[in-house]
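Scroll down for the structure; my scribbles are underneath it.
Residue numbering begins at 1 within each chain, and the chains themselves are lettered A, B, C, D and E in the order written.
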């Protein structure tokens, strides 16, 4: 019972720590790291479901009978690509945000957004000096 | 831990670890990709960004309670859901008995290549892979739209001076890399064309090839690399990759089959499958290589621009 | 003959594992960066080399053997290089070895950083 | 013996992770990452033999290459003037002695 | 004719990289417009084909359904395909003029490529019959959406885009988890196959979890009331053209997914019994209407105002869904269709205003009724349609919604919905007041009517609005038969 579901519980712990980082951390890069942790844990969920006891990698060869399920592997290959695309795009946004706001902390950005434009300009200048 | 540099490095370790886990779970193709992407490209990109945005994280948490509630709720739901999941490794769970048996038993006759992952990826579910290529193409275009800068030809030597600090100081690494880079590129080609028989394929090859070029540009400066591989050239290659992939489908339409029906490409269906898979893997390889290089170049160029501005500001001050 | 090969292979693997573990202990227990680097740099190359050589005895065909050989060559090339670069980078960024950390140096250091 | 070697490598990986988490300086972490990478290469190679599919050594080669590239990348981007080790690094370093 | 389902998606998809080779923005614009028109024609042909021959199934790669990926077009898909491709075409007409002032010149080509990719993603989500393929195309449309929003002129656009990226990715990952759990219990990814195999395992906890995750993930994309926080800023700071396109289509696609998963994949009996979905949708929908409409009243920026109004309209749509009757679903689908027409026109008109005066603050609108009569009339007519004034398309969908509620004897809900409409009256009146009864600002005295391309696209949508408000045969028939087939009744 316990051993059969253990993998899923590990996944849940990883997934939830990722989600927590995304929500609770204010630093945008940390948020993206949390996001990629969150996504990677889903990969582990998929891959661990594909495993068959006694099977080996799904590449046909002589004298090999049991194979693990290839379909989740295919899906996760696609999902990894999606993950890196999202992360890269997010990082590009972070660069632009840093240039525009002078900070990558969520709190600072929210403060700067609520100030009138002229004041914010000044504040950024102050911050940079 | 509020040093982002350390966090990114640990993320790299985590990625290597999960890749080893994938190998242990028989998912060799996935492990291949995860190693190249997670430990290689994504760590590099994060490092570049951290050098531009600063290393320190504000330790103050906001909304920790909201986060905790969301996390507990979602985690609890998932935990509840796991109790009816088929146990780990059991051969009689539905996923091993419904769709997959055909892939395992018949793919060698229908497609004729030993790596089942490649045959599912490139033929049975070719359209998913097409989507995947388009996703990465989208990301490339999006990043270009966000970051691309008009070139400042003046003061180029100053940027170069900042840039070249690396390879002047490290003679040893320069020489070793000179030996390694051709090997990396060669190995990428091997992975590209060996994907039918072993782990590998267009995506993995693309990432490795791009990693080789990125290594070159890190050591010998961006400006030199850009002379060999210019931005417009890279853009064209990325478009050509997607078009190559898509036109395999269109050709099969013209031949009277369905979209991505490789059987009709040649008179012998299995040979047609071979040709189709070869072509689309090539398309994937082209797009992935060029987009990865494009992303890195845009990031690094932006970084140069910042440094350039910093130098400029200092000049003005003095 | 087979038994002999098996013994040699096992011996290589054993030595390799031992060296790797001692390297692992080294990275954990040594007092400062440079000594740790020494532990890792030396044992990484030798331990990995021994394990790879051990594996070569197990390899069923020529292709596997040549791949192992490639990995061995890569390790031999890469491992010392990274150690060298790492040490140099650390040195250039003014990370002082602990042994030299006399009082005068400490002052010098702190003035550099401030 | 293969299994024993795998276990040994595994232990070393754990030790490397500990060093990676503890730090204290940036270079210790780079060192740990590098060591972890080399050990992963060995682990994959060993796993291939343990599972009886030694043709997966390709992955080990990729790991070796990627590991090299990422260490170079880390050094390249930690080695700008802006990013000398920060004050806290020095403090922790100082405290140790 | 045989290959229409795949051509629908592949033509805009292949056009995107071709644009990169064309380079000249003017040329790219014409090409994109051409491609979008072709997609529109294909969607019309598909509708015609569906209504004559029934459900179309297209097997990609020639592999049979559960093994390969299947495209499956029924009336619901055909309706959505028409909405998306039609609005995309109309919006593109005005695009060239609009982005001239909002996006730097060297990024125009990239803008069109991203636009086409976004279109592709939405069309792909709608036409596919494979659960994982949905995720892939969802990511194509999302990634292009993040970049398009970030192209906005103000720096807030970047922050809005980042927030959207975080929320959107969490949503997509939730959907991915749900699909994974579903796959683990059934062993298949094909929607049709899933719907047949799920009932056998319907009582398990895993399927319940999978269902919840998919619904929550979609609701994040949908901006349903408590999960709507990313939407107002994303719409307000994106380039006007992008806002017009997304306001008309993006939430519609998410609602399509919701309908597809609840009705087709999990099946009616499962969806509305295991989770208290009916009550949940009703409460969230109502709260969404009230809260978002009230928030809309206090907005100073008109783009913000209509963004909140979009959230409120999502509330109306969801309430139609919660009635669990053919009538209610018809109302939902009708409102999907009509809302796309109204919001498309309104946001295009706002784009025209931004083109002429540079921003969309409410203050700046004073007296514009005389300066830009046609554009302002369009905004007002759109607003009236949102309220549900007779002769406009909005009236028809509100009418059907109320009938459905009364059929269920949900009188209090009907009254609350009328109250929601009253709030709509208030915020529309605020705009009307400013437009027609105030003197123009000093700096706006020289403003003239919007360029002709803008007017063409705006008024196409306004005329469509009137047409579907008066002649309801086409829309009602289509949505009614789609709703009936979803409930398993033969039309």
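In this section, a residue touches a chain if its C-beta (ideal position, glycine included) is under 8 Å from a C-beta of that chain, and two chains touch if they have at least 3 such contacts.
Here the structure is a predicted model, which means the values were calculated and not measured.
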Set of chains adjacent to chain D and to chain E: A, B
B-C compared against A-B, more contacting pairs: A-B
Centroid comparison with chain D (C-alpha atoms), farthest chain: E
Centre-to-centre distance between chain E and chain B (centres being mean Cα positions), rounded to whole Å: 31
Separation of chain C from chain D, taking each centre as the mean of its C-alpha atoms, in whole Å: 10
Centre distance in Å when chain C and chain E are each reduced to the mean of their C-alpha atoms: 58
For chain A paired with chain E, centre-to-centre distance based on mean C-alpha positions, whole Å: 27
Shared-contact residues (touching 2 or more other chains) in chain C: 74, 78, 81, 85, 92
Interface hub residues of chain E, defined as touching at least two other chains: 132, 136, 139, 143, 146-147, 150, 177, 183-184, 189
Multi-chain contact residues (two or more partners), chain D: 16, 30, 32, 55-56, 58, 61, 65, 67-68, 72, 78-79
Each pair of chains that touches, named by its two labels: A-B, A-D, A-E, B-C, B-D, B-E, C-D
Chain A residues touching chain E - in the complex, by the definition given at the top: 15, 19, 22, 28, 31, 35, 38-39, 42, 45-46, 49, 71-72, 75, 78-79, 82, 85-86, 89-90, 93-94, 96-97, 100-101, 109, 113
Complex interface listing, chain D residues touching chain B: 13, 16-17, 20-21, 23, 26, 29-30, 32-33, 36-37, 40, 43-44, 47-48, 55-56, 58-59, 61-63, 65-70, 72-74, 76-80, 82-83, 86, 88-89
Footprint of chain B on chain E - complex, ascending: 3, 6, 10, 13-14, 16-18, 20-21, 58-63, 66-69, 106-107, 110-111, 113-114, 117, 120, 124, 130, 132-133, 136-137, 139-140, 143-144, 146-147, 150-151, 177, 181, 183-189, 197, 201, 204-210, 212-213
Touching residues on chain C, where the partner in the complex is chain D: 9-10, 13-14, 16-18, 20-21, 23-25, 27-28, 31-33, 36-37, 40, 44, 48, 51-52, 54-55, 58-60, 63-64, 67-68, 70-71, 74-75, 78-79, 81-82, 85-86, 89-90, 92-95, 98, 101, 109-110, 113
Partner chain B, residues of chain C touching it in the complex: 74, 77-78, 81, 84-85, 88, 92
